[in-house]
Amino acid sequence: MGNTDIEENTDIKKIMHVMRHAPHGTIYSYEGLEMILIMAAYEQDLSVVFIGDGIYALKKNQDTHGIGIKGFSKTFMALDGYDVEKLYVDQFSLEERGLTQDDLVVPVEVLSSAELGGLMKEQDVIIHH
Amino acid sequence: MLHTINKSPFASDTLETCGRFLLPGDPVLFIEDGVYAVQAGNRFSSMIATIQKANPVYALAPDLDARGISAVDEGVTRVDYEGFVELVERHQVNSWL
Amino acid sequence: MNIGILLKEGPYNHQASDTAYKFAEAAIKKGHTIDAVFLYNDGVGNVTKLMDPPQDDRNIAARWDELSKKHGVEILACIAASKRRGINDDVLIEGGTITGLGTLTDIAIRNDRLLTFGD
Amino acid sequence: MGNTDIEENTDIKKIMHVMRHAPHGTIYSYEGLEMILIMAAYEQDLSVVFIGDGIYALKKNQDTHGIGIKGFSKTFMALDGYDVEKLYVDQFSLEERGLTQDDLVVPVEVLSSAELGGLMKEQDVIIHH
Amino acid sequence: MNIGILLKEGPYNHQASDTAYKFAEAAIKKGHTIDAVFLYNDGVGNVTKLMDPPQDDRNIAARWDELSKKHGVEILACIAASKRRGINDDVLIEGGTITGLGTLTDIAIRNDRLLTFGD
Amino acid sequence: MLHTINKSPFASDTLETCGRFLLPGDPVLFIEDGVYAVQAGNRFSSMIATIQKANPVYALAPDLDARGISAVDEGVTRVDYEGFVELVERHQVNSWL
């Protein structure tokens, strides 16, 4: 394996997007998702973590017709097609909201805060939305 | 006096702060991200029950629907924007931003 | 009933702008008068005509412009807040006016209600 | 007394400004104060209430030189000259922050939440900053 | 060390813009390279040349412009976020560029650090 | 990994949230309104003491000064923007907005 290959290999960065805001009340979750979709094309090692109110973006049965704002929860289902497969949810945040995985629009991996802290530690870049 | 709350109680201290200034009978209306407070069975359900002992509690239905909240705490009244206007007709307004 | 609205956040980033609009619409439908929408803090960002959202999304500036023209609602941006954020007459929607905080005081005095929307 | 006088009398509105944000981190407190200063010229019945982090705007010894933002805590001292004399502080918020009246740049009246709730109920207009 | 900055809030309304600037200044002074400041969400409001704050206050847009010209720091505004909020080439500071999120990805990849400032 | 917190702990849940994800040894830097967390003798002093058992705690001095905070909790290190840069030299960054 030549140096070039090694060079290319180290160019793959671990980038984590942390979704922290509820949808609709502010745009952070929506524009965060737009960023993730673009970054997905760059073949980096992407992960998306949902913490606190960020989990609400994944809630099933959102109907935004009445507030006149475009809904986007279904776009999370498309992430799989963009090879963004690492979706993690913070267990504490989920339970505190009286929600379970069945309430969410996509399959996710539910992890403890300690496990997520360990994942964070491995990242080259972390962006909160 | 109508009190409106537009912040998630998980992220912000607005609900707890507003709660200290309510007078008996004052209606409370949850809007925008504030509606997460009245989702049935979350950490704030007991606080909502306490408020309801002295204050009628409303939540803006379009905001509940937008967030996929179908089950709200018992006693909470869903209103649409027209109902919001009706509450404003009857009360001065205190918007807890 | 005569109602004034104070809007304290910019478009899209916060729902405040949308809720204020939906409220105004419903109040007008019920026969009330929306006297004015006064924009403060980042709220002044609501009235730039350079706004160009995706085609399938609402155009918030155009919506305020229409409300002004159809229902005579004054759409007012605070001059001090506007100057800080780069809003001036060059980019202002037709139905908008840049004015001082004295105007907001008049609105607070002459209306039955002043409602605030923000973050 | 003629009808005109009564009409003028009822034109005096009770307007309350509620300061809720810490200074400097966001502009709400600063632009709120700008609003109060203008409204003070209109001879309405103004009051200013400091609740939660809003109290921090009154903290003594603020030196904003290092962050490059204009300080404004001293402007609160000028309110008296504009006939804005009703400054109220929420006792609970003050204690929770380990502060006392001695920590504040201006003399204020410290009230309980219940007392402030009563004052709010009397207002024609309440604006949160 | 090469550092990228992501700035997610507008000028004056939040301290994020000031902290990002102060950090960039200190990093440059210590010999680091600030590769770029990428503006997202309301952050795009940082680069309108129409900004006209009080004379005794800092001019945030002018400050970014100067940082760009003096130290070669790219000041980049996300195009989608800019369009929503009425920022386009007509109002852009000289030292600023409107670009896509792909550029941010490049910045994240090619720098040793990507720091986020926001609210 | 350097964790930065820029929100007042009274107004926002950021401090409590970030606290759950800290690994031992990770430094925590309070900036902007976040510095209110380390003002000596407020409601969060015991939480700061707990964090300090496993994590070094810093606060941005210009932000403390701007807010008139002269007394900080014991063990909290004041740094200026240069010190902020030095922390970034040594650690990847996790900015809890």
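Should a chain be cited, it is by its letter among A, B, C, D, E and F, assigned in written order, with residues numbered from 1 in that chain.
To be clear about the criterion, contacts are C-beta pairs under 8 Å (C-beta built on N, C-alpha and C of every residue); 3 or more make two chains touch, one makes a residue touch a chain.
Since we're looking at a predicted model, the values are computed, not measured.
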Labels of chains that are neighbours to chain B and to chain E: A, C, D, F
Pair sharing more residue contacts (C-beta pairs) when A-F is set against B-C: B-C
Most widely separated chain from chain C, with each centre as the mean of CA atoms: F
Chain centre separation in whole Å, for chain F relative to chain C (CA means): 38
Inter-centroid spacing, chain E versus chain D (mean Cα positions, whole Å): 34
Separation of chain B from chain D, taking each centre as the mean of its C-alpha atoms, in whole Å: 26
Touching two or more other chains - residues of chain E: 8, 12-13, 15, 19, 22, 41, 57, 80, 114, 116, 118-119
Multi-partner residues of chain D (at least 2 other chains): 24-27, 52, 67, 69, 124-126, 128
Junction residues of chain B - those touching two or more other chains: 6, 10-11, 13, 32-33, 62, 80, 92-93, 95, 97
Which pairs of chains touch, using the document's own definition: A-B, A-C, A-E, A-F, B-C, B-D, B-F, C-D, C-E, D-E, D-F, E-F
Interface residues, chain D side, partner chain C - complex: 11, 13, 15, 27-28, 31, 34-35, 38-39, 41-42, 44, 124-128
Partner chain A, residues of chain E touching it in the complex: 6, 8, 40-41, 80-81, 100-102, 104-106, 108-109, 114, 116, 118
Contacting residues of chain F [partner chain A, same complex]: 1, 13, 17, 20-23, 26, 92-97
Contact footprint of chain B on chain A as seen in their complex: 21-26, 52-53, 56, 59-67, 69, 71, 73, 96-98
Complex interface listing, chain F residues touching chain B: 10-13
